[in-house]
Every structure is written in C-alpha cells, then in structure tokens.
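Contents: one structure, followed by commentary.
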Amino acid sequence: MNIHEYQARQILRDHGISVPPGEVATSTDEVLEAAKRLGGEVVVKAQVHVGGRGKAGGVKLARNAEEAREAADLILGMEIKGIEVRKVLVAPIEDIVSEAYLGIVLDRPNQADTIMVSAEGGVDIEEVASTMPDSIRKLVIDPRYGLLNHQAASLGHYLYDEVGAARQAASVIAKLYSAYRAVGATLAEINPLIVNDRGEVKAIDAKMTIDDNALFRLPDIEACRDLDTENSSEVRAREAELSYIHLDGDVACCVNGAGLAMATMDLVKFYGGEPANFLDIGGSSNPDKVVCALELISEDPKVRSILFNIFGGITRCDDVANGIVEATKRIDIEVPITIRLTGTNEDIGVEILKKNGFEALVDMDEAVKTAVARGR
Amino acid sequence: MGVFIGPETRLVVQGITGRDGSFHTREMIDYGTKVVAGVTPGKGGQRFDDDVPVFNTVDEAVKETGANTSVIYVPASFAADAIFEAAESEVDLIVCITEGVPVGDMVRVLSYVSERGVRLLGPNCPGLIVPGCCKVGILPGQIVLDGNVGVVSRSGTLTYEVIFQLTRAGIGQSACVGIGGDPLIGTDFVDCLTAFEEDSETAAIAMIGEIGGTDEQVAAEFVSAKMNKPVVGFIAGQTAPPGRRMGHAGAIISGSEGTALEKMRAFQENGIGVAERPADLVGLIQEALSRS
Amino acid sequence: MNIHEYQARQILRDHGISVPPGEVATSTDEVLEAAKRLGGEVVVKAQVHVGGRGKAGGVKLARNAEEAREAADLILGMEIKGIEVRKVLVAPIEDIVSEAYLGIVLDRPNQADTIMVSAEGGVDIEEVASTMPDSIRKLVIDPRYGLLNHQAASLGHYLYDEVGAARQAASVIAKLYSAYRAVGATLAEINPLIVNDRGEVKAIDAKMTIDDNALFRLPDIEACRDLDTENSSEVRAREAELSYIHLDGDVACCVNGAGLAMATMDLVKFYGGEPANFLDIGGSSNPDKVVCALELISEDPKVRSILFNIFGGITRCDDVANGIVEATKRIDIEVPITIRLTGTNEDIGVEILKKNGFEALVDMDEAVKTAVARGR
Amino acid sequence: MGVFIGPETRLVVQGITGRDGSFHTREMIDYGTKVVAGVTPGKGGQRFDDDVPVFNTVDEAVKETGANTSVIYVPASFAADAIFEAAESEVDLIVCITEGVPVGDMVRVLSYVSERGVRLLGPNCPGLIVPGCCKVGILPGQIVLDGNVGVVSRSGTLTYEVIFQLTRAGIGQSACVGIGGDPLIGTDFVDCLTAFEEDSETAAIAMIGEIGGTDEQVAAEFVSAKMNKPVVGFIAGQTAPPGRRMGHAGAIISGSEGTALEKMRAFQENGIGVAERPADLVGLIQEALSRS
C-alpha cells in the first residue's frame, strides 16, 4: 500500500524527524487559508500515488497566498498518469543549501533491508543510479542487530563534511529506520533531505510503501489508505479478500492463484482475446468470495465473456461450484460463462455445476479458447 | 531419498486442528506421508482423528516422535513464530504453506533458519511432492505421476496446471516443488535445481517463474554454469501491465527489472527452452528427455 | 543497585504485568490506613535489600487493619541482617492456588540472559536448585533475536497444564524480559508467580537488581535508589565516583583499582592488621577524588593509620600526590599516613610529595607493613 | 609475533583526541607501538600531534592505513558502538580500555565480535604489552622487562604490581595481558593460556584472579587438562566480606560460587602453585622456571 506524502511526513514527525510544517487541503479556499497561516511563500504539491508529479505540473511554487490559491486551482482536479488530484499539500518554502537522497528499501537479493544515501538528492534515485551510480552508498542492515549507531554515523559523515550536519543526518537515518520498521514499510524515502541556511537537516519530501501483509497489526497505518484514489471495484475486492485489477479487455478471468491467473491472461491474449481483469480468488476460498468476484465482473460493461479457471489445491472445487451457482442465482449475468474446474474435490464440484445447468471443462487451453470465442 | 522428502520423512503438522491443517493432514496421510505428530498450543495430549498425537510445542513433538520435517498451516500472524519454533526444534525441513506473512517477519526468520542450517520452503507455497511416495503441503496428489521430470515453480496453482499437463501427456515427475511467490522465501530456484541435478531419479527439469524480482535470471545463469541436465521453462505474466501488482507481493515490475520478457530472454540466453504457453512445456520436456 | 520490592512491582506494572495492589508505608498509622483501604486482610512486608526477610520476621499476615498496624509496629524499626527497616509494603492477601518461580539473570558463562522457571515457587531458588534441580527449566536468550514468542509459550506450557494459565504465564515472561531489558537489570525475579482462585496469573513478590553501569541512561531507575538504606559515606563516595565500602578495622586503605585494593586489604590482614575499608579511587583520577577519599577516611573514628597504595597507569601519580597535598591542607588528619606511589608520572608525584613533607615508598609489602605498624 | 600483538601490529586509536586517549597514544608511540591512525568523529582530516592521521570512522582509518588492531578510549556510553564499529572494520584485535560499559550492551557486542571472528580484549582492562616491542592500552611500559614469563590477569593495577615485582626480581615477561574484571569480557583466561602455551617465547605463566564468577575454576581445569607449561596463580579478595561489591561488577560473591578460597582450592587441585601474597609469585615463578 502506498501512502501520501503528507501521511509519510506525519509518520516521520512521530518518529522525531524534523519535517517543516505543512497542511493538507482539498479546495482552493483551504489552500488560500493554509498558505496565509504558513506565511504566504509556499509550495503546493499534488498528493497522488504516482511518481513524476513535478514534471506533470503537480508541484508549484507560490510567492504569496493568492498565488497559492491559483496554483491549487490548476492542480486540484488535474489528472496525473490517469489519477485525479483530490488533495494538495501546502508547505512553506525552505532555504535549501543542499539536497541529498535517503532511502530504505526491502532488498530481495540480500533478504534484508538496505539503506541508500546519495549527496545527489532532489531527483529520482533511478536517475541518480544510472547517471552517477558511484554517488550512492548502500548499507545492508543485519536484521539480528538492526542499524548500529556507528553505521548511521558513518552514512552521516558520508553525506556531509560538516560535523553538525553529519550528526543530524545520522539521527535522521536512525529515526527513519525505526519508522520503517514500526509501520511495516518496504520502502521509505526522504528525497530531498536538505540542509537549510541555518544548518538544519530536514526532510522535505517523503514517500512510503507499506507491506499489505503487515497491515493487520497496524490499524493506524491501514487508516492511511486513500480509498478515493483507488478503483472502487478494487476496494471492494480487497475487502472481500480478492486480488482484482481492472483492465481494458472483454474476457473476464476468475482464477485461483496469482501465477495461474497471469498465465490465464497470457493465454487469453495468445488466443486473440483481451483480458478484462486480473482476478485471483486466492486459497481457502469460501463461496462468498466467488459471489463477490462475479458481482465485480458483472459490473464491468466491457465484459463479453466470463472465464473461470480453477485448479483446486487448498481451494476446493465444490466451494467454487457452490459460489458460481449462488452468484448466478443472485446476479443477472448476461454474458456466457466458461468454466474450467479440476483438482481437489473436482467430482463434487462438477456434480454441483451439472445439477445447475453448467458445463465444466478440464483442459485450460480449451477453456480459454472457448471463452475467447464466446466473447466475439 | 527423493528431493528434500522421501520415505524417511516423518512429518509434524503445525496447526493440525485448523480448517486447512486438518483437511490437508488427512490428504497427506491418504497419500502415504508419515504424519507422526501435530501441534496446536493448548491441545497437547489430544489425538487428531483418534490417531496422530497432538502436542503443545514442536519441541515436544520432535522429542516424542522423531519428526524430521514440519509443515505449517497456521494463520499469517503466527507463521513467523511457527517457523522459529520449528527451526529451533531441529527438524531438517520446514514447509510453510501460510500466505500473507509480513516481510518484516521474514527478514528475521530467514536469518535464523539459515544460521541453524534448516531448510525452509515457502512461505506462501504449495509444498512439495514425490509421486507415489510422499507429499508435504497442499499439492493435489491425484495429478502427479511417478517419473523423471523435476518440476520447480514460484507459483501455486500454475504448478498444478503444469504437472497436470505433463501427467496427461504421460510424462511422470521425480518431484514437484513449489517455492512460493513471496518477495522473501527460503529455498529458491537455485537450491532446487542443485537438488535435481544431484538427484538420480531426475532426467530433466521444468522451471516455472513469474514476473517480479530477478530469481529466474539468477537461476538461468546457474543452469548454464553448473548444470548438465536439460532445463525448460515458462514465465507467467507476459501480459501484465507494468507497475501494477498481480496478487503476489513478489510479482511487481520495478523499473527495468523483472519483466516476463527479460526473464524469457535470460532463459533463452542460457540454454533453457522457453514455453510460450504452459502446454508447450510438454513438447519441450519430451524433446529434452529424448536428447538426454 | 538493588531496588525495593514495591519499586520492582511498579516496574512490572508499567510493563503490563498483573500485580495485586499495594501501598508503601513508613509508619504504623499509614499501615493502618492502607490496610483499611485494601480491605483489611493484608500482608505487611519489610522493604529491605536483603534476603530471608520472612525467616527474620519481616513478613506478617494480618486478618484486619488493626492487626496490620500491630504487625507494622513489630516490623518497622527492626533490624534484618544489620539493616533497619524503614518502609513496609502493605498488600491484600491473594487466594493462592499454586506458586511458581520466574527469574531472568545475567548468565556469565553463557554471556547472555537466561530465563529460569520452576513450578516449585515461593521458596529461595537456591533452595529449589539444591533440592529439586530437575524442576528448574532454563532458557538462554540469544541476544540477536531476543525472547521468541514460541519460547515464552513453551515455558508457559511447562509451568501450567491449563492452557489459560500457560498463556498468561507466557505473556508475563515476555513482559518481564521487556522490563528486564528496559531497566538495565542483571536480575529480575517474580517469586512467587501465582495462580489465584479465579485462574489469574499474578506476580506477588518481585525483586530486581540493576546494572550500575546502565543507570546513566535511566534517570527514573536511578531515582529508585534508597539512600536511607545505605551508609552515608558510601553514598558520598559514589557521588564522587569512588568505590567505598566501610569495614570494621583500623587501617584505612586508599588504592587505585579494585583488584589492587583487595590485594592490599589481604596484605593488611596478612601483616596482622584489619582493613577499615575498601576504597578504590578508580582510573583517570582527578585530585578532587583523593580529597573526598581522605575526607571519608578521616570521618571514621576507628581509623588509626592511613595507607595509600597507588600504582599509576591511567591514574597519574602527580594527580594523586596533588590530591593528598590538597586534602591534608583542607582536612585535619591526626593519624599517620603511609604512601606507596609508583607508575605513571611517578617522578613528578614523588617530587610533589617531598616538597610538602611526605615520604613515598615504592614497595607494597613494605608500605603495608609500615602502615599496620603505625596503627598499633 | 608475540601474544596477540607484535612488531606487525598497526594500531588505530578510537578516541585519540580525548584526555586519556591522547595521553596514552603518546605513551604507546614512545614505547614503540606503530600507531597508524586515530578516530574521532568530526575531526577527520586533522593530525594528532602533527603526525597521526585522524579519521571520522574506523572503516576509513583501516582502509587508508592498513590498521589491524584497535584500542578504545571512548566514554562508557559510546564504548559498545566503538567495539561494533571496530569489529565491522575487520581489524583482528580490539582492546577496550573503557570501564563502566553496561552489561546489556556487552551481551550484544560479544555475540557480534564472536560471529565476526574478531578478538576483543576487555572492556575495563589495561590492555597488553610485549616487552621491548609493543604495547596497546595503558600498562606502564617502564615496569616491564623482556623475558619468558607470561602474565595474565583480571585486574588492572594489581597486574602492574605483579609485573613490577617480577621485574624487580629480574624475571622478565614474554607478554602481559589484562583481560579485565567485568562480568562479561571478550578474551578470557583460557584464551590467554592457550596463546601462552603456543607461544615459543613463554616458559611459565602467572595468572592473577579475583573473587566473583567461575573463570578461574574453568581456567584451572584447562591448565591441568591441556597445558604443559607451568602456571602459578594469585587470587585477590581473600578478606572481602561475602555479599559486598568490591568495585568490579565481576567481584561479587554469589552463593557458594566465586570465593577466593574456592578459587585457590581449584588452583591447588589442578597443579597451579598458589601465592599467598603477590610477592610470593616471584618465588613460585622462579621455582617453576627452574623446573621447566
């Protein structure tokens, strides 16, 4: 789960990192008032979960409150990479002496968390990595000891020659790591980390990605989820513990397991169709999940054919069959349904389907071909 | 012994009295796996199905029954604890079926199991099966066929699909291993390929990957550098839109890394025959077997 | 540093462990009022830093408030192993179904913290260790991973068959370990850990020893120090960063280094004298420490001879010499002073002493013999 | 090479600009120790006494100067950090002079240094000296004499006393090692005895213990089981009242363990000559040398 800059800034603040003040606003009037409170000279920043805001015109400087209002008028409601901007952050402009990059990421090859710092901040770290790879210093954190004080100190000295700034940076690094762990993050970035004209080290922009699997023990963080920025079908899917991503095709896929779901989509494409979604009903399914899945699919007007591809393992075919029967009783499905059902409790599942007038196929390729053909 | 499990496997089931644990324990027993103990804290002293003794702790279970392998069906919030407990009890292999384990937990867990020299499979994996002998996890026993093809996969049900198609074509398996699709897992492709290379029952290997990460690329280099047995492969997610999450936390395309195209190219460059569809693996395997 | 039972109970409570209520009192009237508030049927317990309170009559049960007052009258002011009782804890009597032992100690051979539990609680663990050693289960904690949940659970199951009690005990164990680490303890004991007639697991008596070296970062714990129970000279010594223990002999020893100080005391005894104290002025000494040391010694009326045994290493002989000169100017010392001074900056130190009319010896045995002889 | 240090020792001083650090750095240089670097965070780029380069981190110091040994003179609150830093920088030996390090810090530190295979001496120790060659720590160089007696001690100044008396009697030392009196230390008696047993310069060993703990008992058993060279010993604290703390956190008599009497008996039972007074060590050593 991604959280907004203003939410990440609050988490940093809660962990003792110095972050300049800032206010979130959803209307131009709110921005005007916020800018007045913050002294007039402010930056107005779109709060969206995509990169490249600045280039897209989602970040604007204002010399006074009225300019801030005008900037907000341009930003609020604009679309950045297909996402509508509904909130902006209003923050005072800092006198920046230098900009650095600080990030902590889950490092898959090392199976550990890794801290990255670079004195070349303010631009995308990917860009730094490609243009000035030697400027990035990495530290893999041993999970058994956590971040050691001398390690943070060493990174601080790497970033800044001046001892005061180096010490402040070491402290920010240690606090960011605490925050990262406390909120179950897989990414935490401060970019830029600045030194201002008073020699203070501050976090200007902050970005965090939270491990969805950690949210069950972090209700405060779960509450950061911005449902407005998500597709409403996807929100409902998540609530039903389904994995659903809406796409632009016409063959709806309902599959158990992410890998099989992707392979099914690939096969739809292979046979000349276009998948309407990615939909994984997961393991240990209960019939209600299938009902919710069919509801989501039936609401997509583009869908012309529905394909179930179920290979029972921990998911049982009878549960899915019951779900399909139940769902088709409740919802009026007007497009053809093709069902492929095999694996655990296959016999019972097929029996249930037959009794209710459905046919079940055994071969995946055959099922996909049939579904694509029926969608024409 | 087969790959990781075999006739000498003595299994303890963590979470034996839960919905999934009890269902799959019966499936495993039916398949012939020696389930010697179960663990559910607070239910120590009971017997599962009037047969398998249940203990409060894995340690007791191992001491009393000589279990050497553990399989975990506990909820995600307790999965890391369960792996730590199994690792401390000195079983040789831990298979964690549970999905949704926080990666922050796994960072510590992986360090612990690697220190103790215990093999962990998973989490969020279907487990493994040696056809006609033994299964640990949730792979459906009825789809496998005894033979000489090793199957290793990051996926769950896609693994079943591949096994199913091989079996329908009359191609049996020496062992099938699902390593799980999470970003942090224990046993990886290279571990499994190493085991298959050493396994006298295995003549060829089918490797099923998916988008996200670079494990397949690393495995491909391993194949060309260290393996003599033929390997063929498939990558799921060729049509996945970049930057969208496809269910598995591991299946994220980040920048230029981890696309299906990139992985398929790595396979090709390292002598691994690439299947366009899962069904094409059948032909590739047949060809590989005829060559070897 | 040892802390009192009532202080340890508060620390446990702060860490979420269930501890029955209790009040500290310093007078019989306070005890009467406390007993009334707690329902009358109470136990009155001497708060002293020595073991064996119960056997010494420092713990008494009372059926009502008046009996509590009478008990307090007997306990307050009594001496237990030479320590006067100035405070008592008044706590309600629990209906105890079973008593267990739970302790965490710094385990020197394993260089780690070790948890010990036994279902045989309520008596000294040393006694349990000698009479029923098999009843004690030990767990060495790997400092890199801390106490793992399954380990606490396993100890809980070891203590109690009943699953509710086992789970409560596991929780108490985890919380005690948190408390132990948070307060820099080297010992934390709950004895007995009880199950009451409602099936609740509670900490009845609690004992904690804090690592003196950890106190600098724990002002709240440092505040637990009970200066009343310490020799006032020892308190002043600690404030001056000296290590001082008052003994009953007449030859005062002022030495740098604990090992050399003990060896000096041994030698005083060897040559027929009795050491009046253990006094280690430590390393990196400054002249003020020596002044304080001589002040403490001069206040002990039994002292008939003063022996300095200084072997300079990190301590410099000139610092000590300056201290001796300074102190003898400020304080009127009436007993003979024998000085042995060698090591770092020996020449300068000896020169300073000579200028001020002191002689300095080089040989330790000679110095000790001289000091003992001068004390006769 | 001598015991743990020798002519190839290249020393980095952590806390070189502090009061104790600077004083003892000069002493060590005067004695002939190769002090190649100092570390004081924030003073990187300066030179100590216009000579020794100062760095912000040990890592830089080691990379720039090839230091292989570190000595620590930082305050207690930073000592654990300093040891972690030195251990990570891949020096071979860390000597921690600082006293007052919390044992809770040391539990983690000891696990870390042992994992990394670094030798730690201390904390709260005087360091070590190889007479006429090299010293690391605070042992006064003027009291030692080159010879063939190994001295190992838990104490600080009592060690000096013993060395002083040996030297005055004309008995030289191969190396003198102060292991420190804290309850948790790195290098222990057995480590030092092992090194002395292997060291061709050492003919006999004087071991100085004190009350508290059981290290001397363990060492005594090691001497009788594994050593050929003669060992003599002294225990401080014969007159210490039970249950009172004598300055060193390690010097606590707990229950029946760790009294001077118990330790002296362990020495005697394992063939270690026991001195009643430090001065008696001279005669015991002379006798041991004449026998060997």
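Per-chain numbering from 1; labels A, B, C and D assigned in written order.
The rule is short, and it goes like this: a residue touches a chain if its C-beta (ideal position, glycine included) is under 8 Å from a C-beta of that chain, and two chains touch if they have at least 3 such contacts.
Since this is a predicted model, take the numbers as computed values, not measurements.
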Third chains touching both chain C and chain A: B, D
Centre distance in Å when chain A and chain D are each reduced to the mean of their C-alpha atoms: 55
Averaged-CA centre spacing for the pair chain D and chain C, given as whole angstrom: 28
Chain centre separation (chain B, chain D; CA means) in Å: 52
Chain C residues counted as touching two or more neighbouring chains: 144-145
Multi-chain contact sites of chain D, meaning residues that touch two or more partners: 108
Chain-level touch network, classified as line, ring, star, complete or other: other
Those chain pairs that satisfy the touch definition: A-B, A-C, A-D, B-C, C-D
Partner chain C, residues of chain A touching it in the complex: 144-145
Residue numbers on chain D that touch chain C, as the complex places them: 19-20, 24, 27, 76-77, 97, 99-104, 106-108, 110-111, 126, 138-140, 143, 153-161, 164-165, 181, 183-184, 208, 210-211, 213-214, 218, 234, 236-241, 244-251, 255, 276-279
Interface residues, chain A side, partner chain D - complex: 145, 148-151, 153-154, 157, 163, 166-167
Sites on chain A touched by chain B in the complex: 106, 108-109, 111-113, 126, 142-144, 181, 184, 186, 211-214, 216-217, 243, 245, 247, 255-263, 265-270, 275, 278, 280, 282-284, 311-315, 342-344, 364-365
Residue ranges of chain B in contact with chain C within the complex: 41-42, 44, 56-59, 81-82, 84-85, 88, 108, 112
